[in-house]
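For clarity, chains are labelled A, B and C in written order, and residue numbers in each chain start from 1.
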Amino acid sequence: MIKNTELMQLLELVRNKKPLIHHITNYVTVNDCANITLAIGASPIMADAIEEAGDIAAISSALVLNIGTLNPRTIESMIEAGKSANKNGVPVVFDPVGAGASKLRNDATTRILNEIKISALRGNISEIRYISGLASNTKGVDASVDDMSDDANTIASDLSLKLRCVVAITGAVDTISDGSHTVSVRNGHPMMSSITGTGCMCSSLVGSFCGAAPESIFNGVIAAIICMGIAGEIAFEKAGLVGNGSFHMALLDAISKIDANTISGRAKVDEA
Amino acid sequence: MIKNTELMQLLELVRNKKPLIHHITNYVTVNDCANITLAIGASPIMADAIEEAGDIAAISSALVLNIGTLNPRTIESMIEAGKSANKNGVPVVFDPVGAGASKLRNDATTRILNEIKISALRGNISEIRYISGLASNTKGVDASVDDMSDDANTIASDLSLKLRCVVAITGAVDTISDGSHTVSVRNGHPMMSSITGTGCMCSSLVGSFCGAAPESIFNGVIAAIICMGIAGEIAFEKAGLVGNGSFHMALLDAISKIDANTISGRAKVDEA
Amino acid sequence: MIKNTELMQLLELVRNKKPLIHHITNYVTVNDCANITLAIGASPIMADAIEEAGDIAAISSALVLNIGTLNPRTIESMIEAGKSANKNGVPVVFDPVGAGASKLRNDATTRILNEIKISALRGNISEIRYISGLASNTKGVDASVDDMSDDANTIASDLSLKLRCVVAITGAVDTISDGSHTVSVRNGHPMMSSITGTGCMCSSLVGSFCGAAPESIFNGVIAAIICMGIAGEIAFEKAGLVGNGSFHMALLDAISKIDANTISGRAKVDEA
């Protein structure tokens, strides 16, 4: 299982390489995605026109696809960018926001998974259940309480084997699997679900780590999710009682100040 | 007239039901709209593709239409979502941002009002004057000083009868009418107009309350506008002298921490 | 060269006239652009549909074109708005985000410069090198370190003469030229590049000053860039050690509180 020294090395890689992370993402949380990508040490570019999606993906270190506010134009751009990323050996991270909530989201999810080789898939339990073909209660873009069960390990592991990519289910406990190994991350704070964008930001961190260390996707996803969780804890300690606006700001503060000591002192990761 | 106990019950309803609020809104303030919807206790979803607008509206508890950055694609999606909301008994809130400022906004406003049954209309005095067929000095998206007169009560009441919906004119004093009754809310702070999005966020709160209590639209609109005003007062007290960025954050803090005591201690609402 | 009294008068003009600044800009930093426009004392409107772009530009005091998340639809709107601005004597500010990074951005940049008379062009050194026909290392939307050389004065001056507009290259030192005179601004802080949007926000300030004083474009661009730099310094002093989220908020605080004393005490501008 991942060691603290490996986590710290991955963070150092992000900060030294400053990888360019191409996002085709939603307009709700895009500012937070760009800012968290910068805060962890990477460099964001948001480009969703099909006329440049392939070009930008080709010069990037990772591609993050997020269907939060998808439409037919941007779905085509995602496919174009994804194919270019695949051709150029650029890892692709997929965040299937709201999969299960509408036919458009379901069809786009199917197309992306069929036509693009994904390196890492990150979603909440409702979205991942939907993709796994299991009964899902996706209503909107937040996880349904009814879907939170104790079988996340099996679901992540099975889906990882089926899709041949790392699968991460984030929630009260985060589950990450590469099919052979499954780990649980117990960092984070419930207040993270009281602001928009913590899932999207987590996917941006996944993109940043995968872009910096494409040979270590599994560890990169774990590192990203641990960083996000630790930032949530620190943000709550600093600003949770003040309110949602301060918590939001403190989350970006925490990512920008995260370092090896913080990680080694706080990371809570176990073999599942 | 609405009593403090009713205000408090409405807030409790939002927090207990956590209604899903579908927004088709502008990309300038969409993050604030999502965050304030979460802060009051509801759940936002932003979905503007016509391919899913009707599906999402049908599973939502309220629909908020905001034409701040409209275009022909999203206007069609608004119509589609609105019709689906009407068919499914989902209340529709309309925020006619910049009505009067361009033919596109004027035509979209007319179409929405003609083709969709609106439950609540919230705008500034320039926008509402334009919709009422009165001389209006809309220039841009902010209210024109020339339009601020003392006839807001009559304008709101007349328009409410004409459109058969609750009409709210927000400004230094807020006026809300259902045609039979008109109330004035004297909460808020002038600094609210120094940041973008306080109008849009107010409409998201209106959506949240209407989604939680569709049988009490008039009281829901009043409650939403009181909460927004109180949050503006608290934000000014906490951060007004620091500057606009801090005020912005403090506004979201205040909504997330608002409770029965705050409301009963601060609400300033009178029969007009 | 610009005197402190002129800087102070320009700021007063913005605050007294409250000019309407039409933006066709990217969805990543659009909220920051709107908020900084309000914070300096102007009034923003974001309108990117071709059906209203010309109408809105015609009633505005300045137009800001920013290609950060361009697509074919919005490129046409930029051309339409730009032509309307030109016809109506409204100054146009162009921010060529990521010029050099893709054919789409390059072609759009060429079209805008060929078809629209620009009053002020603001970019980072990689973007301006690209537009000047010089070797450029644009990778993404951030300046490439390889492009930072000591020839910024010559590049800005030459390009200003060629395009007949004020050219500003912002970076560690900012260079502004109108072809006859070139000045260097040494305000700012390196942390400004650790959050997204400081370039875009600077262009919004340029639009605000040019809209308030269209007869003084050169001085307006200098004033805007000085204000942005001073805000970066103050934001770092107040919140730099706390982290990126707090720094971001403090930047908007600082612009909203900037005044004549702050400017005269801190402005660092020299004939280049």
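In this text, a contact is a pair of C-beta atoms (placed from the backbone, for glycine too) under 8 Å apart; a residue touches a chain by one contact, two chains touch by 3 or more.
Model, not experiment: these values are computed from the prediction.
Considering the contact criterion stated above, the chains in touch with chain A and with chain B alike are C.
Overlaying chain A on chain C by C-alpha atoms takes a rotation of 120 degrees, rounded in steps of 5. Where the sister copies chain B and chain C meet, the same residue numbers recur on both sides for under half of the interface positions. Chain centres here are Cα means. That of chain B falls 33 Å from that of chain C.
For chain A, the set of residues touching two or more other chains reads 27, 31, 248-249.
Interface residues of chain A facing chain B in the complex, by the touch rule stated above, are 26-29, 31-32, 68-72, 98, 101-105, 139-142, 194-197, 242-246, 248-249.
Residues of chain A touching chain C in their complex: 20, 27, 30-31, 34-35, 38-39, 43-49, 51-52, 55-56, 59-60, 73, 248-257.
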